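In structure tokens below, several structures.
What follows is chain A paired twice: with chain B in the first complex and chain C in the second.
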Partner chain A sequence: MTDMKTSSTAGLRARATSLWQGATRHHAYDLGLLALALVVAVVFTLINPSVYASQLNVESIAFSVPEVGLMALAISIAMTVAGIDLSTVAVANLSALFIAWYSAVGEAAGQGPIVSTLIAVAGALVIGAVAGAVNGFVISRLKVAPILATLATMQIYTGLAIALTRGEAAYGVTAPLSEFGMGDLLGVPYVFWFFVLVVVVVWAIMTKTTFGLKATLTGASKVVSEFTGYSYSGVIVRAYVLTGVISALAGLVMVSRTASASAGYGSSYLMLAITIAVLGGANPFGGRVAITGAALAAVVLQLISSGLNMVDVSAYIYQIVQGAILAGVFVVTFERQRLLQRLARRRTAPPEPGAPQPAPSVVREKEPA
Partner chain B sequence: MSFALRARGISKSFGGVKALTDVDLDVVPGEVLCLAGANGSGKSTLIKIISGVETPDSGTIEIDGEEIVTSSVAAAVQRGVQVIFQDMSLFPNLTVAENIAMSERVKDGVKVISGKRARSLAKSVIERLGIDLDLEARVENISVADRQLVAICRALALDVKVLFMDEPTTALTWHEIESLRQVVEQLKKEQVGIVFVSHKTEEVFAMSDRIVVLRNGVVVRTGATADFTENSLVEALVGYLPEDQRRVEISDTGEEPPALSVEGIGVESLFADVSFAVGRGEIVGLTGLLGSGRSEIAEAIFGKLPIDTGTIAVGGETKTIRSVADAITAGIGYVPEDRLTQGVVLGQSIERNLVSAALGKVSSSAGVLKERLLAETSRASVAELQIKTDNAALPVSSLSGGNQQRVVLGKWMLTDPKVLILNGPTVGVDAGSKATILEILRDAARSGMGVLLISDDVPELVSVCHRVLFVRRGRLAGELAHDEVAEPAIRERLVR
Partner chain C sequence: MSTAVADSSTVRDRMSALWRRYRGENNETTLLLLILALVGVMAIVEPSAITLGFFGDIIRSGIVTLALALGLLMIIISGGMDVSFPAIAIFAGYATITLMQSLGVDGAVWPFVVAVAMGLLLGSLNAVLVARYKMETLIATLGTQVIIRGVLIAFIGSVYISVLPAQLDAVGATSIMQLGGTQVNVLVIPVLVLAGALAWVLRRTMFGRSIYAIGGDKESAKRVGISVKKVQVAIYLVAGALAGFGGMVHVVLSRHASPFEIVGTELNVIAAVVIGGALDSGGRGSVRGTILGVVLISLVQNSLIRLGVSSYWHVFVVGLVVLAGVAIQARSAAATHRRTRILERLETAA
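So, the complex of A and B:
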């Protein structure tokens, strides 16, 4: 009896150990971000526990993470396919404007709140999907570099929003959306639950489906993916449709939370979202899925922003910190790669001239075009 | 006797692994020395040490009688050691002349560049070698063979005493190799000591005066080329004697329709009127000079370069092939020419690469991956193809060249193709891996697959092919069948 007990505890322990080892091996980067979040939280709490750890502040952080977090998710996916999406904020605004506009229209037409909410949200998603499909088409079919293609569509989508609204803000959303934007469940805002849900779904799409695998391989090497029979434009258009839909969801959160939308809202979010995506572990040269990382990075940056705000540092300092993080992530990532290479070289005999150089850095992988 | 290079007792280990143990290497001015060795034998480490990239743990290096005390690339270049690596390290966006002049500019620290000076320098080098190159052409627009020549010229723009060439002929065709050989002859006359690294036994014999064979970081044999036979060289390289003579089993094509048959296919301005068939269980070789259209024919059948005229039939059924996806659906697999940029995604895992062309096998109809099945499938593939790795989750870049090629092969085997087309599957692969890959092809044919093998390597064609087809200027130009397939006959047809 005792024997069995010890052996089953030992078995459990072994299982737990192997689980832990698996987690640390596959998610070392995410765990690092989690540790970073904890360090940031602890430091600011020590500075001023009564303010930083207050329920008000924690809640405000939980309310602010989803918008920009979703945009970062969108950009992270674009980066997986070796692209970027500069139009994400514009698409979010366009969708938010539609929701605010339709909320009023639906009510005027005598629709029930549920019906008009559903139509408003569906319309926003269609806008996001179409905008994303256009991005994907311009990139894959017209062969415009992603950064230029989405710069152009960003201007177009923003211009469209300004033209349609004459630059004026739209106010008010349906009652259910208002509740969605401000209410909470178990002390956690609905929008944060929603953010977690989207992260899980997107993570599953990118890691558990053939589309996700194709997108990753295509991002790592367009040429190989073509020799493997993947339709380049098929993969790219689908990836950007996903990106557009997530941007629209960011718009949904934005308009629900503030009960207003305008063409110029959240323009400072773009750089922040890119920073989050990169800090989250996305590789701008393609081939890496970093969805959970982006979510954690969004939390980290919001923790920092809120803390700096608390100690009364100017917004410009926050911008400097953002820039430093972006540059720092690049340096650390590349240094780590070099360090790993050196270790690998030391462990095994060096490769022959015929073989490729050891563990090519992320940049090298994209070189042959 | 004077030595251009004299290395004594070179040892080097990385971590606990000994890459080189007590290696001696002498190069006499005006001789061509072949440094032969399988992948991982320590050739590249030796070259890196002599060229100053790595510091040896022990041993001495003398160049032209003077010992090099501190090892650095600059010191090595100053003394006249030049290395042409496989990628040749040229600037694709600069002209031939600018590339040739680059090393001198760097050495002398020239800040203001003069196009005229570059041209005259480049011209003098080219004339010295008696070769023909367009000085104003951009390097990205010239052939691989010409790039090789540019790299040699660049090395020679400085005073060079020992020139290392790392597999200089890998991407070259026969007559290009011939002109490279003439350049080498010229260099010999100028008393340059030449060391070249090669996998191809044939070429080792044609070009070298002396051979040094490295195996596992130790010089196992050294001697005049005349004292080696092809068999004794292979034996020294791999440690045993693999059988590589013609070993072709009679294929039983019987009444069944051929695995692949093409009728009058053509692609505008590349090739025309090509008709042939590959039976079930048959291995057909397709050979010709680079630029003859052999790769284009393969890419057309695979849908990468859709045909303008003609028909393609797989297993007796005519198929419309407008894209790679069409070809895969029809049952055609293709191991492309350039493994590193076309065959595998280096930074992604071995298992992902293996299943990448057969995702339908490891996913539900809704497109959700079945992870356990994926892992099992790739594990089976790793075992079947004898890919040397202890973890299929590691990136393909962790494998040696021969093992990477097996991944490409495995990727296509998993699609269960009726026809497998391979373009130079053993280029840059060591002798051991080559034997394995050819054995895999024999097995595939035995199981009823039709195999179309595009290759330059005559012994390889002889060793596995039932028939060999020749391509010249975009058209089929003859065929050797069964007993006619032999090295002299193929060679004669190729140069004719």
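So, the complex of A and C:
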């Protein structure tokens, strides 16, 4: 039903514009986030320069970004395959508990610090991978909706952590991990370097590999992906394994930084991580890769958190701000799109009102015989 | 030999036809059998636990869950998800008590009305985000959850109120009957009436059928002339009102008010609704199933206590039960999708 008689130059220009828009959309979005981070930083610096722009504060922001940033990364990947992972924080806690537990066990067994660190970290990663594989299996094979599946596994992983620790916190990590959590290189904390490294690797996985492409396609349209011949559940399981491993890395950063772990740690992180993922440009309906966006959004949220902390408002105000940002992202995107559509319609002199609606998304061309 | 095979196959056919007829649209019979089996296991393992008081406990712990589950059920049938209802509930309950204290007024019935009105108002937030801005319902309600709870604790109050206004407290002390050592509170009646009313609305009214239609397929619903937006707005308003009522029930039954309660228990409620046969992809679910789901969850929790299972394992076990329930329902939904529904009905009717 599309009008085929548009003049060829206009058509070409429109196509070129849309191509250009498509190519730069993500970068434009990331640039927008960067600008937002700058605005937030400038505003809070103006309020109280001596505190907000102090080296101490900047360092504390750099220390606090990685753990929640990694969780957001995990959720962002789940959203790419049209899912969500509510068990992220639970998996991070489980991994962190293992590391803290093994640090003590390894030392008691007389292992060197390097050896016990390696075993502890490897164990944590295995926990993350297994937890993620379970999520992926339940979602793709048992066909449970991601929300419900991960809501249930969140309860199971948390329950396991509570049961194994009797609800108590575990303290202490090996010396190398403690150095990793507290030290810095060139004035930037190790954990932040680590975060940047993970972001780059995950970004490469999601945008440069076949798996990344399959994951994106699967998220965009499950039905279409089923016609391409690759294994749907294979992609989903691998995506959730990646999610689980990143959650475990978040646990690693968490336990290294605080030298303690507990089953109930960071329960407010879940909401924060989802907010960051959405603000970072992930689409909960799937099909969009937003790794760099999630990283930038994590920085934005921590800048806000630190600023609100500085002006001494309640932690609940920060939660309200988080919720408002989450809703605001959608409201702004929606209104912006409507505005753009209206402008575009005015510019291209539309097929007057009363013209047929665009074709519905589902077209049944043939009746089954 | 061949006759034996034929016999066994006809028996199997008959059994499966019988099963299909009595299974219920949402596996209600499976649930009922599961509940009976659990009670049976309890009766064998720990016979002393099966007392009237045990059932009284189940009713008492299930009543708030059911009150909260009703609103959620509508939303899940319509193909959405809601995690804001605990925040709405505790906001309505706690703010009403605070209001009564600061005005120095007392009452037994009108506080419930106030709480319902607050719930309605807070539900409108969800309605706007979902119906106008087409937000993913989980994300939208996650956002409103923290906003509502944040406003409650930051601006309305964060203190534990240990004594409710006298008349309202009297409601919490009024029981209609005694089961074993457990009092069954009078609030059971309005909650069951609401459940009945919702069941009627869902089965018999245009509005109720529209909820199923939207959950089944939004596009089709639109094409048969249902205003998806209007129905969605109504769903989230009513769900908010029901959550407000549930919050007040919780406060009155626990006979104190704390802004830190309810939020965090959403999994139990979601689990009850989903195990009861409502599927988050929408179009399925019933009040009957939800009640059974509530009973099952409540039964599992109370059984763990009576069996002396360490409380550290409760979260884990309930999580497993939820996962199993959800997986079973998802499997059976996937199976029915493959069959033609109409043929099955005709066959069963014949």
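We take it that the second predicted complex is superposed on the first by the 309 of 369 C-alpha atoms of A that agree within 3 Å, B and C clash if a C-alpha of one lies under 4 Å from a C-alpha of the other, contacts with A are read in each partner's own complex, and residues count from 1 in each chain.
Here is the rule we use: a residue touches a chain if its C-beta (ideal position, glycine included) is under 8 Å from a C-beta of that chain, and two chains touch if they have at least 3 such contacts.
Remember, it's a predicted structure, so these values are computed and weren't measured experimentally.
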Practice prompt. Identify the partner contact of A:220: answer first if only chain B is touched, second if only chain C is, both if each is, neither if none is.
Written response: first
Worksheet item: Is A:201 contacted by the first partner chain B, the second partner chain C, both or neither?
Response: neither
Discussion item. Tell me the contact category for A:314 with respect to chain B and chain C: first, second, both or neither.
Written reply: second
Worksheet item: With the two structures laid over each other on chain A, which partner does A:228 touch: chain B (first), chain C (second), both, or neither?
Response: first
Item to complete: Determine, under the contact definition given at the top, whether A:210 touches first (chain B), second (chain C), both, or neither.
Response: first
Practice prompt. Could you look at A:166 and tell me whether it touches chain B, chain C, both or neither (first, second, both, neither)?
Written response: second
Worksheet item: Touching A:122, do we find chain B (first), chain C (second), both, or neither?
Response: neither
Discussion item. Just to be sure I follow: which residues of chain A are touched by chain B in one complex and then by chain C in the other one?
Written reply: 360, 362
Worksheet item: What residues on chain C touch chain A, complex-wise?
Response: 81, 129, 132-136, 138-140, 142-147, 149-151, 153-154, 219, 267, 270-271, 274, 279-281, 310, 312-320, 322-323, 326-327, 330-331, 334
Fill in: Interface residues, chain A side, partner chain C - complex
84, 138, 142-145, 147-149, 151-156, 158-160, 162-163, 166-167, 271, 274-275, 278, 284-285, 314, 316-317, 319-320, 322-324, 326-327, 330-331, 334, 360-362
Worksheet item: Which bits of chain B are touching chain A when the two form their complex?
Response: 14-15, 17, 19, 37-45, 47-48, 85-86, 166-167, 170, 197, 199, 217, 304, 323-325, 327-328, 334, 336, 340-348, 352, 356-357, 359-360, 363, 367-369, 371, 395, 397-398, 400-401, 404, 411, 428-430
Worksheet, complete the sentence: Given the complex, residues on chain A that touch chain B span 208-214, 216-217, 220-221, 223-231, 287, 344-356, 358-360, 362, 365, 368
